[in-house]
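Two complexes follow with chain A in common, the first pairing it with chain B and the second with chain C.
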Partner chain A sequence: MSHKEDLAQMAHLMRRAGFGATREELERRVAVGYESTVEELLNPPEDDLAGPAGTFAMLTRYHPNTLLPGGVPTLGQSSWMYHMINSPNPLVEKVALFWHHVFSTGNSKVDNCDQLLEQVDMFRKFGMGDYRTMLVELSKNPAMIYWLDNNENHRDAVNENWGRELLELFSMGVSNYTEVDVREASRAFTGWTIAPKIPRLPYGRFPWKFDYREEDHDDTEKTFLGHTGNFNGEDIIDIIVREPATLRFICRHLYNFFVADEVQVPAWTIEPARDEEALGTMMNTLEESGYDMKALLRVMFNSDFFKEATYSKIKSPAEVVAGTLRLVEDWNMPRPGIKDIGLQPGYMGQSILDPPSVEGWYTGPEWINSGSLLARINFVADRVADTSLSGVQKIIADMKSEGVSTPGELVQASLEHMGFLELSPETQEQLLGHAKGGGNLDWSNEAATGTRIGEVLALVGATTEYQFG
Partner chain B sequence: MTSTQKDPVLVVLQLTGGNDYFNTVIPHNDPLYMDNRPFIKYPLEDLIKVDDELSFMPSMGPIKELYDQGKVAVIHGIGYPDSPRSHFRSMDIWHTCEPDKVGIEGWAGRVTQQLDPNKENVLTAINFGHGLPRALVVPGVPVAAIADLSTYGVLTGITDQDQRSKALDLFARMYSPAIGAGAVTDYLRGTGMDALKGADVVKVAPEMYSSNVEYPNSAIASHLKDIAQVYLADLGTRIFYTQHATFDTHAGELNAHPILWREVSEGITAFFDDLHEHGRGDNVLMYLFSEFGRRVHDNGSGTDHGAAGAAFVIGDKVNGGMYGEYPSRKAEDLEQGDLVPSYDFRGAYTSIVEDWMGMDAKPIVNGDFEKLGFL
Partner chain C sequence: MAIETVVGNRAWIYSHNIGRNAAAGTGFSMPIAVAPAKDGVLFVASRGSDTNPNQRVSKVTLDQEFIHEFGRVGEEQGNHVFLTGVALDRDENVYTTDEWLNRVSVFDNAGNFLHSWGEAGEGEGQFSGPSGLAFDKDENLVIVNSLNSRVQTFTKEGKFLSGFGTKGSGEDELDMPWGITTDDDGNIFVADWNNHRIQKFSAGGAHLGSIGHGGAGPGNLRHPSGVAVDGDGDVYAVDWMNQRVAIFNSDGMPLAFLRGDAVEVSKWGQMSIEANPDMQRRRRQVSNLDEQQARFRMPVGCAFDRAANRLIVCDSQRGRLQIYDKETNYADPQANL
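== the complex of A and B ==
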């Protein structure tokens, strides 16, 4: 492969395993090599798992209210977006975002962003570990318990919300169990609750804690998916992870999130997978590794089906926002007005930490409607055309040192800086035609040339191709 | 497509999350209400009595006023057999009229397609909110989504007029249909063109609008105000869609449910007041639904997913009153603890599509269903 091809492949990996990368970062990673980069991404320093220390310290120093945003969800959203933009371990954030998509928990009900951020920390910490442990942690996560009302699930008054969604949305998928199984799973999780909350006044919010109440747990016999016993919650999870349906359901989610857009989840019982062979490889890996997410991610990122899956996924709004801001190096330091980075994904249809419902977001082409497409295009265009941003200035300086001059060179260099984007021949021709209208770059007037480069970058960001990740 | 101020217009207001029917239109004489709701009930003295049998829950006062003017039809026991009790499956069924398989076409999208088969007006149907509900999605049928009417346009960051018009010109060429681009890219291109056309047209609405009506401060009231502005600007929009959430009151129902209904009731009243102030109330029909009702017996702090629910049809031309039958609350008549639907939701769509929009409903709702006489 040529150096440019290596860079293009690295750009693909970094879009999927992170939130894209600048030309500078791509060069550095290509020098390290593809598989070594995958290992680097998979093995972040232990200390960084609850949010990279440096990033975190800088944010809390200038925006202490993002640490415990409590009842101000936008600050919580901004906190997570800041980590996506700045984390030196982007895969940790990407995996956390994956689990947030699947284990969708929303502030609309939880009304406590402290607890939602704690859940994100849990995803950071356990997200690349084994899936069984993740489900156990999830069952004990206070935000999740409250979101799906397991604190209202009592020995003598069963609440099925958590039990049902654990099976339907978090592990097996609909039609792989009966209403009786839902009931029995719910009974097994009676007594899994949160400790009584300390009143908010006068000192403010106190952290919620998981609490297991033996006396409220139904310890009698249950029959779940053909197994009978005096099951408790962990026993239910042990049975769930042995089900082939679970293996398929989780791998299909991973494929949809990291590799290529699948049909929406409700159609999974009807439609075959987009790539059954790839899904099979993923399922075997996950099963043989004892549900080790890291082993699965390693095999997936190094596979041919992953490397070939360019332009087969529409970027989620969080990816659009974090990716663009990383590229232009905006928000690499705290400053006033940080709420904006938390609000932007919501304008494009993905209010992070506040999904529309327990089903999470519909992904792929469903991210796109006339309103969200406008929001995406305008957001990207406004940032990449802003020549006051250091990332944009670096792109301009690079073009200058490379001696970019003709409209053809300008378009080519712009596509490379926007992630080695490949356009359809027609679109490339149209963009070139537009660039030709301005003639060759005039480096004697650097301000005007910078503005012109910014405009071409904006138009690249407005293409259909740029909507793919 | 030409349209006039007399064309019938439909506003769909989706109550997302599963509204508690049993606690919305309450059979106040039924001892089974008190029996089944040891915790999650409204005090009888706070109920708004509608007739000898039924009451509205306490924050529906504004809707009761419209009811007394004969402008509200309540449809009882609406639903479909074998409720899956899953939000998204149930919502999908309501949106696609396909209870037995996953449908890809939404009923309101099909109406849009018939209203504007040649796609002459990208604003024929508009969702007010982020994204599109499946009800409005039919592949190839453009539907606009407006999260906020006050900020809407393509490449609005390019301020130089000459530069902007060149950029928009390029945008239009990059997004025009191409052969062999693939389904997703085709969809992207179509959506981009729709956005470009829609933004040009819709920006006149806030400029033209003036009103003395004060909308209350809630998300649903803002959406209804945006709807009023676009409707009053006569842009040919025939279907407006929006939603309010979340009615998923598994817990804390007695806090959340009254607030939700107060916001909905007050928003609707402001909306119709606004239309009447402009003398434009009589060709708008509003339809409210939720994906299911909730379980008859409460769970101590809320109610779980159920089956049969209530729908509401509101407008000047509505024959107000109660329609259909309130399902039996007797223990032996319940199915898995839930009210059994007594009326198929596709019949309500049929009534609206045929008797209001004036088109054949069969291909839209996938079959023949019993109509009600609320129109």
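== the complex of A and C ==
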């Protein structure tokens, strides 16, 4: 592979395993190598995993209200978006976003962004570990318990909400269990609740804690998926992770999130997977590794099916926002107005920490409508054309030092700086046609030339290839 | 629950707490710095929030009386965006720093805006994220420049006098410093936030020593945000990320931690609870309520009122101040009382 092909492949990896990368970062990573970069992403320094590291400290110093935003979703959304933009461990944030897609929990009901951020921290901590542990932690997560009413699930008055979604949306998928299984799973999770917490007045929010109440747990016999015993919640999870349906369900989610857009989840029972062979590889890896997510991600990122899946996934709004802001190096320090970065994905159809339902968001083409498409394009255009931003200034400076002059060189350099994108011939021609209208770059007038470069970058941001991951 | 923290002949006795989370009036919104005045009056700087802009300076009393507030949100003169520090001169005029607007604002004791000074920049006498500020024994202002890691001294009218400090992790360097104080000898103590230590300098900027280093154990600090020194030379480091105040003696030896002792609800806090029956019911259901309620949650600033031998800690996330009285020449009572 040529050096530029290496850079393009690395750009693809960083879009999927992170939120994109500047050309400078891509050069550094290519020098390290593809597989080594995968390992670096999979094995971040322990210190930076969950909390009191630099990104968190910096944000909380300048915006202390992002620590315990309570029922104000904007500050919680801003907090997470700031981490997506600035985390030195982008895959940790990306994996957390993946689990937030699957285990969707929303502020619309929880009314407690503190606990939603705590759940995100849990995804950061356990997201690349083993899936069984993740399910156990999820079952004990206060935001999830409240979201799916398990605090209302009592020995003598069973509430099936958590038990149903555990099977339908979090592990096996519909048509792989019966209504009786839902009931029995729910009985096994009776007594898994949250302890009363100090209310918000007068000193602000205090944390919820998981509380297991043995006296409220139904310890009698249950029959679940053909197994019989006096099951408790963890026993149910042990049975779930032995089911082939679970392997397929989780791998299909991962394929949809990291590799290529699938049909929406409700259609999975009737539509075959986009790439059954790739799905089979992923399922085998997950099973052989004992549900080790890191092992699966390693195989997936290093596979040919992943490397060849360029432009086969429409970026989620969070990816558009975080990726663009990383590229232009905006919001790498907190400043007033931070709520804007939390709100932007919502304008495009994805209010993080506040999904539309427990089903999460519909992805792929569902991200695009006449309003969201304009919001996405305008967001990118406004940033990449802003020559006051340091990332844009670096792009301009690079082009100058590279001696970029002709319209063709301008288009090519712009595509490289925005992720080594390869446009369709038709789009490439249209872009070139626009660039030709301005003639060659005039470096004696840097301000005007910067503006011209910004315009071309903005047009690149509107292309299918940029809007796809 | 340690309501009294005793080390040798010193004791820090929890007195009470003031405040509640409130966007205006009888409470604070992320209190970030405090300056004690005469007669039990306190000036408290609230950082506020991006979504509910309630930054302000509140004038209150130790007896939990609200007097008035000023310096609210805005870029106009007399307002604040990133309100960070507060200090009083001998006439009890109020000086505040704004690390976004890069200026010092001056108010009289009644909160009337007088004037402001300062300009953004990296040069001598310019501001780059001014955060902590304190008066020295000559009634000049020493001000931390957080973003370029410098400490600068000005007359209280804003004339630049001197400065020192470079960014780094070396012995005499600073990295994003935050709080600052001076002692009776004119020495300057800086909360070296990103280096997890307190730095001590002479008035002329000579490095005299460091207190603490990164970690969570005794003698350790994680992102210290505030610093105060009492008349005995004991140093108080607000150990922001470790959720405590670490106390050191004048030689830098660790003495004790304060972790927050607010077992009781403040007067204004009680008003919130009494007005909300659901809050009362829920509080009755909480186990170990006192223990949870008492603790600091990311405290930021502190001040030591030497006239009253009293430590005041901004318990920022809880919207309150926790007050400790220091007793020197403390003698432990007989065991068989």
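Assume the second predicted complex is superposed on the first by the 467 of 469 C-alpha atoms of A that agree within 3 Å, B and C clash if a C-alpha of one lies under 4 Å from a C-alpha of the other, contacts with A are read in each partner's own complex, and residues count from 1 in each chain.
What we mean here is this: a contact is a pair of C-beta atoms (placed from the backbone, for glycine too) under 8 Å apart; a residue touches a chain by one contact, two chains touch by 3 or more.
No experiment lies behind these values; they were computed from the predicted model shown.
A.B. asks: Considering only the touch criterion stated at the top, classify A:K294 as touching first (chain B), second (chain C), both, or neither.
C.D. replies: It touches nothing on chain B or chain C.
A.B. asks: Could you look at A:N65 and tell me whether it touches chain B, chain C, both or neither (first, second, both, neither)?
C.D. replies: In the superposed model, A:N65 contacts chain C only, not chain B.
A.B. asks: Is A:L75 touching anything from chain B or chain C once the two structures are fitted on A? First, second, both or neither.
C.D. replies: In the superposition, A:L75 touches chain C alone.
A.B. asks: By the touch definition at the top of the document, which applies to A:Y203: first (chain B), second (chain C), both, or neither?
C.D. replies: The answer is second: A:Y203 touches chain C but not chain B.
A.B. asks: Report for A:K394: first if it touches chain B alone, second if chain C alone, otherwise both or neither.
C.D. replies: neither
A.B. asks: State whether A:K125 touches chain B only (first), chain C only (second), both chains, or neither.
C.D. replies: neither
A.B. asks: In this superposed model, does chain C or chain B come into contact with more residues of chain A?
C.D. replies: B
A.B. asks: If you stack the two complexes on chain A, which partner ends up touching A:A57: first (chain B), second (chain C), both, or neither?
C.D. replies: Second partner only.
A.B. asks: Overlap the chain B and chain C contact sets on chain A and report the shared residues.
C.D. replies: After superposing on chain A, no chain A residue contacts both chain B and chain C.
A.B. asks: Please give the residue numbers of chain B that touch chain A in the complex, ascending.
C.D. replies: 16-17, 84-89, 92, 101-102, 122, 127, 130-132, 142-147, 152-158, 163, 166-167, 170-171, 173-175, 178, 181, 184-185, 187-189, 191-192, 194-195, 198-199, 245-246, 248, 250-251, 299-302, 304-305, 336
A.B. asks: Under the definition above, what is the set of chain A residues touching chain B in their complex?
C.D. replies: 108-109, 148-149, 151-152, 154, 157-161, 164, 168, 174, 179, 261, 265-267, 270, 314, 346-349, 351, 356-359, 362, 364-375, 377-378, 381-382, 385, 424, 426-427, 430-431, 433-434, 437, 455, 458-459, 462-464, 467
A.B. asks: Per the contact definition, I'd like the list of chain A residues that touch chain C in the complex.
C.D. replies: Checking each residue of chain A against chain C gives 52, 57, 60-65, 67-68, 72, 74-75, 78, 195-204, 206, 335-339.
A.B. asks: Considering only the defined contacts, which chain C positions touch chain A in the complex?
C.D. replies: 20-21, 27, 30, 32, 47-52, 81-82, 100, 178, 193, 222-223, 225, 241, 265-266, 268-273, 276, 278-279, 282-283, 285-287, 289, 292-293, 297-298, 300, 316-320
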